[in-house]
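Two complexes are shown next, each including chain A; its partner changes from chain B in the first to chain C in the second.
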Partner chain A sequence: MTRTNLNRFGTLIAFVVLCVGFSIASPTAFATPANAFNLVQQMATLAIVATAATLVMTISEFDLSVGFSASLAAVICFVLFGLGYDVWLAVPAALLVGIVGGAANGVLVARFGIPSFVATLALGTILSGFAFGLSGGQSLFQKVPDAFKGLARGDVFGIPVLGFWIVLVLGIAAFVLNQTEFGRRLKAIGGNAQAARLAGLPIVRDVIVTFAIAGGLSALAGLLLASRLGSVQHTMGEPLLLPAYAAVFIGTTASPTGAPTVAGTLLGVAITGVMVNGMTIVGVEPFVQRILTGVIIIVAVLLRRVGRAQ
Partner chain B sequence: MVGPNGAGKSTLIKIIAGADRPDAGEVLVDGGPAHFHSAHDAYAAGIRVIHQDAPLVPGFDTVENCYLGREYPRRHGMIDRAAMRERIAMVARDIAPDLPLDVPMMFLPPAERQFVRLLRAIADKGRILILDEPTAALPAEDAERFYDVLKRTRDRGTSIVLVSHRLDEIADFCGRAVVLRDGRIVARLGAGEVTPEAMIGAMGGSAVERSTRATDTSAPKVIEVEALVAGDLTRPASLQVHAGEVMALYGLAGSGRSSLLNAIWGAIGWTGSMRLMGDAYAPRSPREAIARGVSCVPADRHRSGLFLDQDLIFNKTLPLLSSYRRIRGLPVPHAASERDAFLVAAERVSLSYREPGQLARTLSGGNQQKLIFSRWANRHSRVMLLDEPTEGVDVMAKATIKDIIRAIAADGNAVLVSTSDRDEALELGDRIAVFRQGGIVRIFSRAEASAEALSAAAQSREAA
Partner chain C sequence: MLKTIAALGLAATLALGVSPAALAAGEKVSVITPFLAAIATGEMIEAFKAKAAEYQWSVDVVDTAGDMAAFASRVEDATTSGAKAIVLVSVDPAQIQDQVDKAKAAGVPVITIDGAKNASSVLNVTSDNYALGETMTKFLFEQIGNKGNIVRFFYSAHPGVHQRELALDDALKANPDVKQVADHYVAVPGQVDDSRAAMDAMLLANPGDGAINAVWAAWDEPGIGAELAITAAGRKGIIIAGIDGNPQAIELIKGCTPYVGTVRQGFGEMANIAADQLNKILAGGTPDKDELYAPVELITRASLGVTCN
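== the complex of A and B ==
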């Protein structure tokens, strides 16, 4: 294996090593079908939020509102349930709020030129205010319609439903980024926005659409989380933000130019997911888990840089 | 020091600056052998290499930038700002008395920043300066001011090695010249011998060859511009370009020639009226311009043209991506058609490359420029807009690019070439519109144009 290949597949190898290591350390608890099922369920919402982050990072922007969008969507959905509306109205309405919020991010960034870091932080804070207000700061335990429970719970032929969501969402995102004209334009905008504009690309529109998609995906992740847990809190999406970007950054170490990719992001999600799951099983204290996860991210990116320098 | 890209200039500079070791031979300083083991040794010997885009700290002023990496004078343990300023001011008085010392870099124009780089190099006992393309990013009038400063630096007793593609500047400024080609010195020109013709001859290029074609006024007018005002173009400008004609737009940077191109390209707002093939034409974005058969190679390929971390096919097909679909209604590019189109286009612009999948950043400057030309090589454009198409490109690539430009015109396009290079305007332009201070001063026909007449028109102060 050449050095380039080692750099490229190093992250994948690290993932395999992790899995093998935990399997040896705890063959009866880690390497079981039940745990694999569990792992996929734990990873799904993060994978979808991280995909949203990947799209936005492809155009060299940040979206810090992803977690807030997820919370707000879940809250809106449950509030609508409480008012007696059914799934067919509540879920599209919640997704729409996410898309509109994302589009608003895009407008602030593309039309008004506000740095995305600032715009999405501000808008995310506004969204979280709405989530707080609508939920009254309480946990919501509505009587949830069965159709909504089915979104994220249970399995088909032994494969968790959330696994299908991962395949569906990430599959479409990868196709869009790698195969379509839209995806090509996003890479161009991320690579050199000025050149993209002078090459005739509809930048303002594409940036707004990208943020809207990110908002919609975040809302979807919030709904799936709500479906799985059966209850909603107005802060439930916030812990997704940092792990999502951690996953994207780990994923960039697997791409030749250091650009974010959907496949890389999935790998990043899987690595962080397996780390947390495996360490919990072998009995590592939660505080140590966090420290180790942070160390892993630094090491991954450092190894990548050493590889590239050579 | 002159020579085409890849001639060995950079290697020679690195060796002199101690960054590279020679395989054989030695560097002599003050007549004695200097054994540089690192760039630090060369620095200690007073050698300073000044790169055109050497980083300055944007929030620091001139004095602070000149003291970067040096020991600060101290007084009572505190940094003695007054002493710093006094030492820098002493040198600045000699070479650039008008340079502001207390203004952060971010508020200084590019030419002044270039003075700061120079000042920094000599303020800390630099006595041998190596300048790598110091005026490449400067408009002509700023370049003149730069050379005034450089002359005063020279007159203080500083030795200067100047590396530039701008041969006329070398001829004006330098007492001697060495010409490199293919890793060796092919000519040493002494006092009185440093002329552009001699240097081009030694590099293997041909001397300026002027366009001899006359404008075919019976050919249809492709693009007509009436009373156009846009960006730097503050006085209403009008011109028409015929099919098959090359119109050169000559003037200093900021004289309005680039703004005219950008307006036709739809990249900036404008007022006035335009017609394309006799029909009303009012582009509000490059997208609309492309749809109407207008093509453009923008100035400053790194900032405005290329996607350096993407491959050659990506860079080539991007602006017309929707013409490579396999299924018409489905916005999914077809890799095989893209590749075929790239191969045809690469051939047409004589691009030299290893493989279509290599990254754009791995091409030389000339080939990067050809790559941008290749974007439009598969379609029949009506208007081709070229902004400084040979900037920062070596002599050989320049010749190829000029051939490409003539071929585009011969194909029946109306070509507008904006340039700050007078010889290039003479060489390419069937007619030459001279810009000064935001307006067209005069449009020369082939027969009327001469180097002297163009310079006079571009720089005269009266007749606004």
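== the complex of A and C ==
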């Protein structure tokens, strides 16, 4: 295998090595269909949030509100359930809130020129306030319709329902980014916004739409997470933020150009998912799990830079 | 090549990080919590591990640092990885009902310590949290002559803590001369620092003597944060009471600070009861009841034999 191929496929090889290592360490628990089922379920919401982050990073921006959007959408949905509304109204309403919140991020960034770090953190904090207020700070798990639980539970022909969500969402995102005019414009904006502006691309509109999609995807992830757990806490989506960006960064190491891609992000999600799942099964101490999770992100990004230099 | 070497290095590090318990013989028991950073939760888990060592179980401890999605995932992992039992600490299993149902369906008994009763778990060992709140509130109100202004530090997401809050609500209704002038929903983790900051703000917002007479802390750590703020501000005439019997809170009570009382939960006792009951379950038996209470104790300056001027 040439150095070029190693650089290109090194991250994938690392993923395979991890899987093989955990399979050898725990053949009766890690390398089982039941655990594969678990892994797919556990990765799904992170994969969707990470896809939202990927879209935003494609235009060279950050969205720090993804976790807050996920929490608020789930809270709104469960509050509506509590008020007696059915799933067909509660779910679209929650998704709409996510899209509107995302679009507001886009307006702050594209129209008013506020750096995305600041704008999305501020708006995310506002969203978290609404989630806190609506939930009263309590865990909500009453009056959840069975139809809602079915969104993220169970399987079809032995494949977890959440696996189909991964394929659907990431498939559409990959198609949009790679096969459509809109996707090519996003890459152009991310590559050189000034050049894109001079070329007459509708930057403001595209940035707003991108953030709106990210908000909608985050809300969807929050709803699927709530469906999977059967309960909602007003902070439940927040822990998704750092792993989502970690997955995107790891994924960029698998990209020939170092740019974020949906496939790379999926690989990043899979690596982080397998790491945590495998370490838990093998019985790695909790403090070592945290250290290794940080180490792998640093190593991945450093190796990317080394690979580029070579 | 570098990436492959790095992956192999990580795998080696993983091998070094495998807990001795995971390599030990005996029944494998998975202990999972989102709140290991809380002192009380840590105390329960350490006590459980000590008791488990006596029973020669292999215990894996997992902390998800407040992340409920990860918490659900780790319960799934434990279910499929051959654990003989799952012990959930400081959490209501209803928050991950599907995962608890699956564990039950797989024949893996789930018990909770400081949690809540659940149809799919076999046992919850806890304190009567309403009684804890009632005991502490009654003491605190008596200390201010059942009259004055209090502030509340709370965290309703925890089912046990919420029961204590309900006890305060009932006490406030029964004592109309006690007014709640401010409250703060505590951020977890980071509860001590967060509570100190909140208390700083409350002191500034209520500057006069007697504007705040007492701090009601749903557990000791927010009370400790409030004590830091009150002492730093040099405010007199404000007392604090909490719940848990946290060693630091007891030292503050001994030290004649504004911290005047705590209700000790028998965290070690809870863990011991849970381990003894689990031993019965693993031997093919059933627990004595589906919910068992550990004894509680009001700790004050008087009970500690301390006299303050």
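In this section, the second predicted complex is superposed on the first by the 310 of 310 C-alpha atoms of A that agree within 3 Å, B and C clash if a C-alpha of one lies under 4 Å from a C-alpha of the other, contacts with A are read in each partner's own complex, and residues count from 1 in each chain.
As a convention for this text, a residue touches a chain if its C-beta (ideal position, glycine included) is under 8 Å from a C-beta of that chain, and two chains touch if they have at least 3 such contacts.
The structure presented is a predicted model; accordingly, all values stated were derived computationally and were not measured.
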| item | value |
| --- | --- |
| Clash or fit (per the criteria above) of chain B with chain C on chain A | fit |
| Touching partner for A:A259 - first (chain B), second (chain C), both, neither | first |
| Contacts of A:Q233 with chain B and chain C, given as first, second, both or neither | second |
| For chain A as apex, the angle formed with chain B and chain C - C-alpha centres, to the nearest 10 degrees | 130 |
| Partner chain(s) touched by A:G191 [first = chain B, second = chain C, both, neither] | first |
| First, second, both or neither for A:Q42, with chain B first and chain C second | second |
| Touched partner set for A:A199, first chain B, second chain C, both or neither | first |
| Partner chain in contact with A:Q179 - chain B first, chain C second, else both or neither | first |
| Chain A residues touched - chain C or chain B, whichever exceeds | C |
| Gap in Å between nearest CA atoms once chain C and chain B share a frame through chain A | 24 |
| Contact footprint of chain A on chain B as seen in their complex | 265, 267, 285-287, 289-290, 296, 298, 303-310, 314, 318-319, 321-322, 331-333, 359, 375 |
| Chain C-facing residues of chain A, complex | 3, 6-7, 10-11, 13-14, 17-18, 21, 25-26, 28-30, 32, 34-35, 38, 41-42, 45, 132, 136-139, 141, 149, 153, 225, 228-231, 233-236, 239-240, 253, 276-286, 288-289, 291-292, 295-296, 299, 303, 306-307 |
| In the complex with chain A, residue positions of chain C that touch it | 1-4, 6-8, 10-11, 13-19, 21-23, 36, 58, 60-63, 65-70, 72-74, 76-78, 80-82, 92, 94-99, 154-157, 159, 162, 185 |
| Touch list for chain A against partner chain B, complex | 179-182, 184-185, 187-188, 191-192, 194-202, 257, 259 |
